[in-house]
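In what follows, chain A forms one complex with chain B and a second complex with chain C.
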Partner chain A sequence: MYREIRNHIIKNLKAGIRFDGRKALEYRKPITVEYGFTKTAEGSAKVTIGETEVICGIKTEIGKPYPDSPNEGTMMVGAEFLPLSNPEFEAGPPGIDSIELARVVDRGIRESKCIDFKSLCLEPGEKAWTIIIDICPLNDAGNLLDASALAALAALKDFRFPKLDEDGKIVYKEKGTEKIKLLCEPVECTVIKVGEFFIVDPIIDEQKAVDARLTVAVLRTEILLLCRKAEIVL
Partner chain B sequence: MGYNKRIDGRKNDEMRKIEAKVGVIKRAEGSAYFRIGNTWAYAAVYGPRELFPKFKQNPGTGILRCSYNMMPFSSSHDRVRPGGSRRSKEISMVTEKALSPVLDLSQYPNSVVDVFIELPETEAGSRCAGITAAAMALADAGIAMKDLVAAVSVGRVDDKIVVDLDYSEEAYEGGPVADIPVAMMPNSGEITLLQMDGLISKEKLKEALGMAKKALKEINEIQKAALKDKYKVV
Partner chain C sequence: MSELLVKDKDIVVPGEVLAVGMDHLPGKGTYREDEKILAGQLGLVSIDGRAIKLIPMSGRYIPKTGDTIVCKVTDILMTGWRLDTNSAYSAVLSMKDATSDYIQRGADLTQYFNLGEWLVCKIVNVTSQKLVDVTMKGPGLRNLKGGRVFSVNTNKVPRIIGKQGSMVSMLKNATGCRITVGQNGWVWIDGEADKEVIVVEAIRKIEEESHTSGLTDKMKEYLEKVTGQKVTE
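The block that comes next holds the complex of A and B.
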């Protein structure tokens, strides 16, 4: 079936049209960011791109730094493709698509060096913050990747370190005020190739007709940071 | 001395602030969120659709399948590890049992109606919020129902009977606490879920259930208003 849809997409792109009337390099509207979406997270945000909605929340733990980087804290990105957000998502352990998404978001944050991991260290070799970023799609209408990366960045901007008691344990009763220092703001953009055409912000049907996909993380100064290429042979 | 004043200042029969909305997840057949205080449940319905694995199919009737899941950042304490826990499996099961009495799926042999409940933020009463949201989502999906289902927790905090216990009341240490989640078909008054943690006398239990019934009527009005609101002519 997707061969037919794909042919249809290509035919339309030749005439300069997409299914929803957009141009090839046009994002859906509106793109919105809602900071502090859930109060139980130390930082959170909801991002919408058109009908796609993604929630990102950050929790933190205190752990021992890795022996090879005793002065640094750590970060982890997790993504769960919730079956509530798309009829094709199945319940169960994370599939390869959600793992890939989490790793691409992780790389954008890590490789842009927007977090100074040294600032997450509490006691060299003994105690450091672990920042855990969790991504949960609410409605998958395509291009979860760009929405997730934006949600992760927004949640980091919303993040406040929790307070610690005398024993160094996290106090959950009151919220902290100290922000995490972000040295830059990486934004990810995914371009897909269908036939000979390049388009951004694909909707579900376009996503299924993909020949190749490339995600780049960019900074304000437009430095290319990461490439992730996936080719799908039809 | 007794528990004379509720910790957050509510009256004994007063619930936390409630907000409900229907049609919040575009890709689902039916969806809703229900928010009570700091507890927030999203529910999405997919189906009736063919049930897999095939051996689970029932040629006599369709079946209801519920899944309750807390988002990793939804706890006001440590991060919740993704993937089902024993607790979430039990709640999924009791949610199924609480909702199935209002459904007649005999028209959909070999099929399943999937209900996915996701909680972005929780603070006590999450199974009740999940059931209440799920009932609205089922109605929104156009599944034939003989009644809605509304759920709330009631209970005893020391010598007082109160409705919709929050976390500080569940964890009250000044006296015995009993937490009783109740789900009811508001029109017939029949109970579809009744659980309890704690100790209570027969008389007090009756009093508590009476209070639950009154609160559930209120919740039912909010459910109906939210469902009608979706089809409001602008």
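The block that comes next holds the complex of A and C.
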């Protein structure tokens, strides 16, 4: 079904130019980050890469730590693809793509150890902060992975712990001041292979013609943290 | 005596009062509320005698009989093909409107048009329930092989085509690309990689400046600048 568009993409890549005039290893412009996009979340951000727009919100609650790590807080990443952002997305329970996106973003944050989970513990074995990161694409014009990972990182930087009242309950209405300590800043980059060519920041047409996809999370010091290979077509 | 509150070619937004009084008549894109005539959408005012019309500047495509559109095959039916028309209503291309070949009952229709293929077709009928029938029989109506499709604002399509197709033929001459502009806002192009990018950027520029006058001359200048060649209309 996508063979014709794939052939056309490869023909253009042979000439060294992509559909929107970019070179193979060039991101769309502008890339913008807007902190504090929603009022109700403890941390939020909106990221745009070209026409792709993603918002990310972080809520928190106090929960019980997992039994195997009694002195650590927990983190969850969820993603919901709204039909509003792409006509091919369906409403309803999360599909395979949104689960994959959430997991890739989760791994980037978790494996980079940018959050010190021990610092999220309030009372070992009893009480710890649970950080819930929710990702929601507003417009899918391709490369949701990179945009979502960047949005999640930006939302973490915007995150403030809410205040607690005398009974130890969270007062959600007031915005706190204490930040979460980030030890590093992982950024994810996705490279796709179409024919014999490798390109970054794919648009929708290019994503449909994909032969293989690789996502890596990197730090400023260029340490490889995570690899996610997917959609390999042999 | 009724009062006209806008001038010809003013840009108005939905809900804006265009005229007060019963002497004027609400035309396309406007509606009457008691004494007032209000704009129903974003557009340019066009005053034609007593009638006030709006030339829309935004909104989705609505199928109209006689339009030539670019569509995509989304389903194979028992007797034809279902096409996506870039609007809320899908179109049906029946076998007899697609080809003059004899097709055996139960034959595989994908050998004519397969899923995901792009077609240029013409709307022959739109029912009151917005069931759309299209045909492939006519000059220039064909299956679009290769190339790529991108979408533009349907309300700017007349400017992209230009008077008697002057704008689009200028684009073709300047870039050597093959271009098909559908009334539904889908544009198909095929050509050399760098030239295709010029076409896309030129069409985006036309969309942005569609409300200005002397656009063909402006675009001629622009194309001469980016291609570095003399452009004939």
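Keep this in mind: the second predicted complex is superposed on the first by the 231 of 234 C-alpha atoms of A that agree within 3 Å, B and C clash if a C-alpha of one lies under 4 Å from a C-alpha of the other, contacts with A are read in each partner's own complex, and residues count from 1 in each chain.
Convention: a contact is a pair of C-beta atoms (placed from the backbone, for glycine too) under 8 Å apart; a residue touches a chain by one contact, two chains touch by 3 or more.
This is a predicted model, so every value here is computed, not measured.
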Comparing chain B and chain C in the superposed model, the one touching more of chain A is B
- Determine, under the contact definition given at the top, whether A:82 touches first (chain B), second (chain C), both, or neither. first
- Regarding the shared-chain residue A:30, is it in contact with chain B (first), chain C (second), both, or neither? neither
Let me test your reading of the model: by the given contact rule, A:61 touches which partner, first (chain B), second (chain C), both or neither?
first
In the superposed arrangement, which partner chain does A:11 touch: chain B (first), chain C (second), both, or neither?
second
Contacts for A:93 in the overlay, against chain B (first) and chain C (second): which applies, first, second, both or neither?
first
Taking the superposition on A as described, I'd like to know which of chain B and chain C A:136 touches: first, second, both or neither.
first
| said: Applying the document's definition of touch, where does A:38 land relative to chain B and chain C: first, second, both, or neither? | reply: first
Fill in: chain B versus chain C as contact partner of A:51, first or second or both or neither
first
Residues on chain A touched by both chain B and chain C none
As the complex stands, chain B meets chain A at residues 25-28, 31, 38, 40, 42-44, 46, 49, 67, 69, 71-79, 82-83, 114, 116-118, 120-123
Given the complex, residues on chain A that touch chain B span 37-42, 44, 51, 53, 55, 57-59, 61, 78, 80, 82-87, 91, 93-94, 132, 134, 136, 138-141, 172
Chain C contacts chain A in the complex at 114-117, 145-148, 150, 190, 192-194, 196-197, 200-201
Listed in rising order, chain A residues that touch chain C in their complex are 1-2, 4-5, 7-8, 11-17, 19-21, 205
